[in-house]
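Before I ask anything, here is the structure I am working with.
The letters A, B, C, D, E and F name the chains in turn, as written, and every chain counts its residues from 1.
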Amino acid sequence: MTYQPGTTGIVVQNIERADPAVIDGLAKCGVATVHEAQGRKGLLNSYMRPIYPGARIAGSATTILAPPMDNWMIHVAIEQLKEGDVLLLGTISPSDAGYFGDLLATSAMARGCRGLIIDAGVRDVADLKEMGFPVWSKAIGAQGTIKETLGSVNVPVVCADELVNPGDVIVADDDGVVCVRREEAADVLKKAQAREANEAEKRAKFEAGELGLDIYGMRPRLEEKGLKYV
Amino acid sequence: MTYQPGTTGIVVQNIERADPAVIDGLAKCGVATVHEAQGRKGLLNSYMRPIYPGARIAGSATTILAPPMDNWMIHVAIEQLKEGDVLLLGTISPSDAGYFGDLLATSAMARGCRGLIIDAGVRDVADLKEMGFPVWSKAIGAQGTIKETLGSVNVPVVCADELVNPGDVIVADDDGVVCVRREEAADVLKKAQAREANEAEKRAKFEAGELGLDIYGMRPRLEEKGLKYV
Amino acid sequence: MTYQPGTTGIVVQNIERADPAVIDGLAKCGVATVHEAQGRKGLLNSYMRPIYPGARIAGSATTILAPPMDNWMIHVAIEQLKEGDVLLLGTISPSDAGYFGDLLATSAMARGCRGLIIDAGVRDVADLKEMGFPVWSKAIGAQGTIKETLGSVNVPVVCADELVNPGDVIVADDDGVVCVRREEAADVLKKAQAREANEAEKRAKFEAGELGLDIYGMRPRLEEKGLKYV
Amino acid sequence: MTYQPGTTGIVVQNIERADPAVIDGLAKCGVATVHEAQGRKGLLNSYMRPIYPGARIAGSATTILAPPMDNWMIHVAIEQLKEGDVLLLGTISPSDAGYFGDLLATSAMARGCRGLIIDAGVRDVADLKEMGFPVWSKAIGAQGTIKETLGSVNVPVVCADELVNPGDVIVADDDGVVCVRREEAADVLKKAQAREANEAEKRAKFEAGELGLDIYGMRPRLEEKGLKYV
Amino acid sequence: MTYQPGTTGIVVQNIERADPAVIDGLAKCGVATVHEAQGRKGLLNSYMRPIYPGARIAGSATTILAPPMDNWMIHVAIEQLKEGDVLLLGTISPSDAGYFGDLLATSAMARGCRGLIIDAGVRDVADLKEMGFPVWSKAIGAQGTIKETLGSVNVPVVCADELVNPGDVIVADDDGVVCVRREEAADVLKKAQAREANEAEKRAKFEAGELGLDIYGMRPRLEEKGLKYV
Amino acid sequence: MTYQPGTTGIVVQNIERADPAVIDGLAKCGVATVHEAQGRKGLLNSYMRPIYPGARIAGSATTILAPPMDNWMIHVAIEQLKEGDVLLLGTISPSDAGYFGDLLATSAMARGCRGLIIDAGVRDVADLKEMGFPVWSKAIGAQGTIKETLGSVNVPVVCADELVNPGDVIVADDDGVVCVRREEAADVLKKAQAREANEAEKRAKFEAGELGLDIYGMRPRLEEKGLKYV
């Protein structure tokens, strides 16, 4: 059964996930390549930034719908984590509060979680960096939250302008975050790897000083459009 | 059949709509009351602002998924409009360009459209005001768009942080925009009307100078929480 | 006794206010003139905007310190209002939620309140405009609040980057909001009125086509600084 | 002679202007049409908003380069105004201060000025509205400025991301602000009027219920791109 | 004697400070823990960010009220520094200019200053990082300032939405900045250390794979609220 | 011949550049010093931030005017690069899309390019950091661009609020980006070096504990302005 985004009070316990080998393959390709490979869709809003540079992950989304300033559902979600998952949190209304810190990260890591994507704030960022638990967030801030109101776990959620289904593959690196539909993941990986092979070849040509104008045969079309060299 | 948000190249021609009487009832209640009545969910991000004050509408969402800086799909969507619909547009990636102006409004009005909700920019706003075609948008700007790439019509779209399904009821006024699930609309209307009746009664008491502290019986709980009058 | 800004759980019942004639005089002068007259201090951040154009008010501040997304203290504050007061609300942490709507406005107006200055969101703005209850706010939005946590009433509060004491005079118009210390209000009024007299005289000269360069005798200093006419 | 943008200490006294009939023609066409007619260039950043709705003007730019928080050069510029000019101000570094108010507007109107485009703040906006002096600005705020440092008048200035030369034609309405190069103005007017004629015809068709899909013959290309109706 | 925030032209030479051992204890606890320990108050706005990651400091606030684009008072403040102090600057009106650079940092470090909290801009950030002088600021930028107008030193100032008194304890790390009232510092430290002890215990449990749902006994209340596992 | 900013369809092949020794001298001085030395002009908007910390470069601007979401002209520009140049891109209308990534950087580096200044988005930032190719940008994001519309190369462009001519010297470091007119570069370098010498002397005094109040002889003027020590 599928739930409407915005449904509260529900925890879906069994979700389907993509093939782990596909997920790891997507991580290697990185966000920009995956985004291109799937037809330039699925990017989260670029206000989502990593709390420290250099991390690159992919994982199956365990989704959280959270009320404003209320992080109760994160505890509920952690129980649903499987090895290789990524927590992904959207809010019912916008908030910059610090929903997540080092204790929750300790708990999530103990369950095999690879990172957090959160359309809200995060805190204890120095500890999270030291622990090697990567987070992409809208904000950094110490403001505390409460545990008062139900949201949901593993229903579809809107996170940074993208609808993410539980089990969709999340890829995140210094360029941002992209969501790949679970059922399209294997196909997207193939296309992404093809792009990578193609890029390796081009990189060699560029290093040798060849120009994109020639490699891509752009000169005739530029001339036709009327570009004038003076 | 249900399509994934983000699906491109699809026009769904027959969508279900809520009962017109329910829709008109929701318009009368307004955004704040409807938002409360359905458990405080469904609000679009508050950056969505009306291009002129004073409009209050409700209608069934004819949804548009549009590529960045490309308004081609609006033409496609207008053919799908039924009397009493509202156009609602989300983009594949964020854009402030002016997707919509007075010509498109003329065409939409001729098909019975009640207004536009657009997570992007709009132009010809002086004309739109004169025509009485209300728009809630993220931006106002004259920047033109192209007609080059396919999006979709009447698939679920994310608009200003909310997932909207085709046929969901959109209510919009000077407070913003709220989305009501089609299948919940009748129930939400009942709750909203009950709130209104209740508010009318309270308004009379407030006008007579009674205090919320007494009307709502707040004093004991404030005392218990430790509030000190000095 | 004076309380620290940020103190919670306190309602100060008796505050001193400025002379009503002084307050009304400041309203006539308007924000820009008052700001200049008191040495360019006291302006609230310019993100504070009126919900409708054309209002110009002054009043004694009944101050509210409110928790994030919690409007309980507004009810407490309304009981403390005296004829001619202005409600002014700062939050413990930033929030765009809609803390205030038409019912609270009805109650505040019944107590003689002249308007609201709120470093957060407001809703029912179409009703507020119709009622003639002016509000200057950081945001407009329907998002509801709760009644769960204590703040304070009539302690000093930070509102849009300015510290406001209970009983300080608030002047607000389409240019924004300025705070005048209660004990300086009479003196500021004198200076503001002197500026106005002076401006009236200058306005006549400008209308007659005289130039500021001559009225203010700027030419020698511009020449001395090296301005070249070419 | 042409000065570099950024040059300070210079007042250029004689600038060329476009034909008044051309300027007035551009005003009638409005910002969106002019922007399209000149190949979608020349738009100022969409953060420039009118201080009140409904104004539509065009005029020759008398340009001002102003230091941060210093409005001295506006006085210098007003002497250079000719009937039908528009004041346009860019700053050396960004500022939201209120550079311009009702006295300066009185002086500018006495010299035949049609309005102000200012990449900074403005104040006395209620008075300016009453006087009918339109302003497009980045901000509204009462914060005062000083008269201490030289800028320039009638050198090229960057205003809201666009380079404007003295004498360029500025068109402004509720959609924003667009700059037309003086030497291209007559040509742009012709193209804009052709667009308008064309739009009038289309408007009639749209009002009669014809669809853009048919008027513009879009159906074959949509089909070819693969659009599926389901 | 206490001065009003906003008072200009005053330098208070003798201020009280908290116990150095308490201050150092608070530094160890960090911003998030201290914020929680004092009842979730005192956080500066989350737009205040460190210019480089990894610093964690606490110190007594030597406060500066600065005019817009004028850093004269920083020189005055440096003379008032005592070993272990933190400079904290608020502005009379908002500014992103670069008030502070490596020379001022050299001078401040020579007086034992531990860092700067500035609700404005800072420059020479590469040098400051190399010198190990941490700064939390609203902006980074090279724009210069002047030395023309008086502000004050060691009067209460509003900095990033918080009122800070001279001698209050400032704690800052990668999560942001929090202000602790001087007279509450010892008590807050005790509560913060208690939280830390408690967290250490919980961290061990989380590492061992226990769930927050069980550690905090959340299951019954979630059930009572109606959470459904499906 | 000089082209108007905004001109499209033009590639200027031969531009004048400043003396390489002057350029390298300016790099050593850094942004803040150069900005001061040239009279506080030429700074790009402070939203331009480096994608990684620690780079400091100077070079001759090869300028690019790019359509929204279209990076075609970058390929054209790379052919025009000379050893020691910096690519600088402004857009015809604002865009946060990722115009530039590791392949283009490989190509630019092979032509001797020292870095990129881009008033738009960039991607592959982890790769760019590893390659040591510094970028100052408005945004980071993976969103792809197209190759459809002509812009220009080596015409004057507005970039982050500054007009930059081809061949102007660009200096960039962690403080931001400053533009020096080509013809003023040698003179600015002299003034910048004089400031540096002067600063070195002052740094020694500050390290020894002397106060700016004494070094700059500020005390009499502060007293005259009325500063009171209490």
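The rule we apply is simple: a residue touches a chain if its C-beta (ideal position, glycine included) is under 8 Å from a C-beta of that chain, and two chains touch if they have at least 3 such contacts.
For clarity, every value in this text was computed on a predicted model and none was experimentally measured.
The chains that touch chain C as well as chain E are A, D.
The two sequence copies chain E and chain F touch through a face in which the numbers common to both fall below half of the numbers used overall. Centroids built from CA atoms put chain D at 41 Å from chain A. Each chain gets a centre from the mean of its Cα atoms; for chain D and chain F, those two points are 28 Å apart. Separation between the centroids of chain B and chain D, computed from CA atoms only, is 32 Å. Residue positions 40, 43, 46, 93-94, 96, 143 of chain F each touch two or more of the other chains.
All chain pairs that touch, listed by label, are A-B, A-C, A-E, A-F, B-C, B-D, B-F, C-D, C-E, D-E, D-F, E-F.
Interface residues of chain A facing chain C in the complex, by the touch rule stated above, are 68-69, 93-94, 96-97, 143, 148. The touching residues of chain A, when paired with chain E in their complex, are 1, 9-13, 52, 72, 75-76, 78-79, 96, 98, 101-104, 106-107, 110-111, 121, 123-126, 129, 139-144, 147, 149-150. Here chain F touches chain E in the complex through residues 30-32, 35-36, 40, 43, 46, 49, 53-54, 56, 173-176, 178, 199, 202-203, 206-213, 216, 218, 222, 225-230, going by the rule given at the top. Note for the complex: chain A touches chain B at residues 2, 4-6, 8, 39-43, 45-46, 92-94, 156, 158, 161-163, 165, 181.
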